[in-house]
């Protein structure tokens, strides 16, 4: 099917174009103007173009292309099918906003030279596009690791700070381990035919055991990238370390490539899932979601908070994947389609609101040079643009109607409501627990987001120097507004999005998996009797009542207003320190979910002259998993070290014994 | 057929208007019952209306550092509650606009209202405001999933998440005992108490700093803003009551086939409300206010009950 | 069985004798403490090697083996001479070294010899030559010198062990297979000589660095 | 003809430089000689591409796809190394670490080493192969001890003794080979040692003899390959010798030794017709990978670090050869190529880094990006390449090897996974702070000679994305021959 399919060629050209734009950056590596006015806007344009191509391609039949590159027996294959097209759309639209923002964001003193940053940034984008286009194991792995590598360099932009170096190392280490297991997964998938193209893998017949092995390796590998518990530890380290646009891309888009890979392997390459795969992924996802949101609630660094919230959202997405596999394994295409649609929808939503919020934190960071929630506050009065746009993101990520976060969670809950029809006693017990966990996660997410927004943007300024904070520049505003608009649009016209998703469903699960998506306004994926949701009318109705209320209260009665000092039950002394800090706000969660945490508290005694309260919340996976492993490695290394004590006679003895042993073996 | 739609719209509009107008009355009724039960001389039944009217006439006093968000929140709150009232089948189940939002969306709507009021409470940056916001959100993230679970139990029975459909199916069925619904009912009651700032979680009649939740959030509001908020919370209580009726006492709602049913659906609703108010007052009087840190346990109990209801539904199929 | 022995041609008997002597000598080297006599033993071993080579050459009439013998004799004469010079230059005449418990070493050595024989048994079955069974002895000599290198603590004795190993190899080459092709032999010999030369250089460097040839000085590079 | 130049030039160069290697123009002379060798190598490869494998000089020399690409590689790396050492050695002398006589020794021995490498690769005679290997040891042992420091002397001594003994065992193996062969091929002439002839009759050779011979050869040459537990000389020699020597040791000597092992394996497998040789190689390979990976965690000296990484990679290659089959052999050959290119490049960079900071200790080297960006990026990229990060070529071969292992020997893959992960963590956690971060060292005047480094790295990059057809063709032919 080679030749030159236009769309695929175009997408490839844009991916390479990104890399080319990056290389342009080396022309004037130290000029901020050049990077901000030329490179990043060009990148944004390329992103939009890519999105356009993807939207067209999602309706087209599959296109594929073979490049004269790669290994001799394995030229690099490319393929553009609805699944990859959907994720390309995600990549294009989100990266456009992020690139516009970055155009105004990067300045002097951001560590590496802007030109170099531009190079790494655009190579990152290009490699992500190639990951989505690759159609053979080798090309995929090359693009995948290039993505990891470029993002690593972006994370370590300010490499002079030891913490950032540590974060980068942890990230690359986990990414590499994940990559190796993905590699092994492909090694299994090619099933003896020495063909590493995905086509060959689709047709390879695997024994169930091998298939399960492949799936396990895939979950391990892609989970390490996506941040499934307990492989999540790099996220809360790397996201705060990276410059905010990079965190936005990593959290918003890169994690989705992992989801893409998981879907590609589990639904496309492995055609016959077994039901317990689904159950396992579902459990894993729900646990990650709960874990992430509960940890997000106790963070005091705004970017760490968002990182944990990413873990939560990825958990929700994985729960969706698990549900899809479950239904698919029991041959319920319609339900599988519903949950797959929910999954992909949530990917798209998360990409938008999470990058929006990360960018907002970036602006806050630039304006205040402060990442700790304990030192921010009241910024809605200093930087209204960022604050109001961030409010949209906050409401969206909290899963509140009529914004986009709610739609995907609504769809997912709907598909949960069908699990009782699964002919598997254990599986259909999942509905109460799964739905409960999901609902609970969503509710706590609302809590987390009120904490996030309230502490950063509302209240009084906690530090005097916040008074100097400036609102962000116009390029940043455009970028933020683009993403915010995305959040609103995705929330208001879900049906149109569902039509796109239907293409993916049909491609992956067959035509029986189409979700009911007629009209434009009424979202009724199964049937209007079953469940329906019309965000626009919903919004209009509420707005109407609000307007009426305003009109009545202002018009019928007088609208007089007096300003005065806050009342606060008449307490005379009020300082900014009296409002809840993030620690204070997170207290109930710490109190309720105590077993989740590994807490160190410093309580003041009644007689302290200068009483101070400190609480450190740590992740037990460190102590339960990572440190023991590291310790074991070091111990082994110490043992191995005994091999070499410097005595030449001993070395000779080794050779002698080796010789003797081998001779004995031979005889 | 147009007449059908017409009286559907009429039903919906009527429901909303009834809710908006009767909500304060319901609140007044509950307070009166409480007063009687605790041998106090009761305030007049229309006290809430008087309060709202008084507040509407006053000059609004705002903190200097109040942001626009702080000013718009009361209207959003009110709007959300009215929208909810319009969606809930309080009088009839033939609601053309009910397709706009099913039960899950309804829960989402309540969550939105909660988030906004909490944000507004944090806006001024006073100690009490943020404390109230924190507590309110805590109650929220425990009560909301419980409510959702209650809804799920019902919708598993009826195979739908649209409230009118649920109400219809439940009403249509021959009277049978649903253990799952019993569990769900108890859970719902607990959620209702918690969400509407009633004893044992909160005490609407107190301004004791350490215990108040809802009051702490609205401390900085005055005049028309406060009026709207009070009205909205009365509406909230009313809505919850109606949800409860739709789920557990769905009888006597008007169906599309006979518009005249509205004529006796309305008094029936009144009766239900009177009974519910009395019951609510009774519960509030006999139970004691919990310490705020006991609240999670109370709500976790509600959550557990709801999930149990769901499990029972799956196991016994009833 | 005497008649069996008698049936073997004289040359073969001589070679067997040489083989036995070599084995004996390597045992002696394994046990020898004094450097000087170690060198002498090494020389003796070389001489035996030359002898056996000559016998083989004569009996099989392969003339390039004469050359090979001559070449080997260089080694026999030259290397011990050089070593003696070195020892005198570095004044190590009276230098002895403490070995790890000679009886144990001997026992291990015996084990090694048996192992070598067992190993060589199947091979010598295949050999076309009269002197096939010497292969086992050659292997034994190689392994014994290996053992000696392991047990020694001094640079020089280690080198001597190394050279003795080369002797064993030559013995295998000549007696078991009637010599490798000439080019190869020359190359091998060249390497050995150069090697010995380099060893000499090393002794001086080590000496000037550490004031002795104890290997215990050469144990600083290790994983710690 | 090319053959004559190929062998003659280094030999003549060695002789010439032995006489007057202390002149000012000596480095240039070395470069010229290496360049000539390289060109001759290219010509030879062109010839072989044109008209296939050939036997020359009454079959004493044999050129087939397997060794010709190694010849080209050897000549190329030798050339770039001489380019690098031109600057490097100047600086060393300028720091007063080396006297002119030492430089003379260095230059001539370098050429001699190149000669022995090429001889070992080109010869068809197992005996000459042995001689060349031994000569390689002899010519490098003095280079390792070039600085005459106690440590370097010790390293050289260990190198000498261990490899000497190993080589002696290999000789015994060779003798046994001959012993087995002369009964088939007869002892007249030297056909009984000619690889081509042996290869022709390999299925008629005696099984027991050959298997014993193989054990001796494997232990013998394996010592030079640096397979655990015979590897102990390797880190010392690499760490203590001058950097160019470390580069050629790691980049060339190990390859050639492995080449010898594989040549023997081909013969033996043909005769034994059993998995045994392959199993042995796999065992050694796996063991080396594991041991090296854990050793990596203990390193404080940067050159030792990369020496162990060489052991690891040789282990991988050996493992791949052990698995056999077209894919694995292809991958192994590719890995040999990219490893020697990458590793020598890394050693070049490390040399400059050590010169700039004046120490080989990892703690001492910090913030190279600040100190000299090119060196910093060179080290970073080289390290990532050697750790098997795409799009560099090392990944391509590891990709094939791992996937093959996953299908054919799944039991081995967890070990490989473990080893690769541990190695990655160890190396990267040490290199990252060297490249990144702050530094206190001051910039030294002399500019680094990074042309070779980036030449190598770009070649490796190319091999990761596109393997030239003719190269792939060799690999395939060689793999077919190795079987």
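Should a chain be cited, it is by its letter among A, B, C and D, assigned in written order, with residues numbered from 1 in that chain.
What we mean here is this: a contact is a pair of C-beta atoms (placed from the backbone, for glycine too) under 8 Å apart; a residue touches a chain by one contact, two chains touch by 3 or more.
None of these values were measured; they are calculated from a predicted model.
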| item | value |
| --- | --- |
| Chain whose average C-alpha position is farthest from subunit A's own | C |
| Chain occupying the middle, per Cα centroid | A |
| Approximate Å spacing (C-alpha centroids) for the pair subunit B, subunit C | 102 |
| Euclidean distance of C-alpha centroids - subunit A vs subunit B, Å | 36 |
| Rounded Å distance between subunit A and subunit D, as computed from the means of their C-alpha atoms | 44 |
| Interchain centroid distance [CA atoms averaged], subunit A/subunit C, Å | 70 |
| Contacts with 2+ other chains: residues of subunit C | 119, 146, 149, 158, 218-221, 223 |
| Numbers and ranges of subunit A residues touching at least 2 other chains | 641, 643-644, 648, 652, 663 |
| Listing of all chain pairs that touch each other, if any do | A-B, A-C, A-D, C-D |
| Subunit C - residues contacting subunit A, complex | 115, 118-119, 143, 146-147, 149-153, 158, 215, 218-224 |
| Subunit C residues within the subunit D interface of the complex | 119, 122-123, 126-128, 135, 139, 142, 146, 149, 155, 158, 162, 165-166, 169, 172-173, 176-178, 180-181, 183-184, 187-188, 190-191, 194-195, 198-199, 201-202, 205-206, 209-210, 217-221, 223 |
| Residue ranges of subunit D touching subunit A (in the complex, touch as defined) | 157-158, 161-162, 165-166, 169, 211-212, 214-216, 218-219, 223, 228-230, 232-233, 235, 276, 280, 291, 294-295, 297-298, 327, 367, 369, 384, 387, 389-391, 395-396, 399-400, 402-407, 413, 417, 420-422, 424-425, 428-429, 432-433, 436-438, 464-467, 469, 472, 475-476 |
| Footprint of subunit D on subunit A - complex, ascending | 68-72, 137-138, 141-146, 149, 156, 159-160, 162, 165, 168-169, 172-173, 176-177, 180-181, 183-184, 186-188, 190-192, 194, 196, 633-634, 636-641, 643-644, 648, 651-652, 654-655, 658-659, 662-663, 665-666 |
| Complex contacts: residues of subunit B adjacent to subunit A | 56-57, 59-67, 69, 75-76, 78-80, 82-83, 86, 97, 99-102, 104-105, 108-109, 111-112, 114-115, 118-119, 122-131, 133-135, 137-138, 140-142, 144-145, 148-149, 152, 155-156, 159-162, 165, 207, 209, 219-220, 224, 227-228, 293, 296, 303, 306-307, 310-311, 314 |
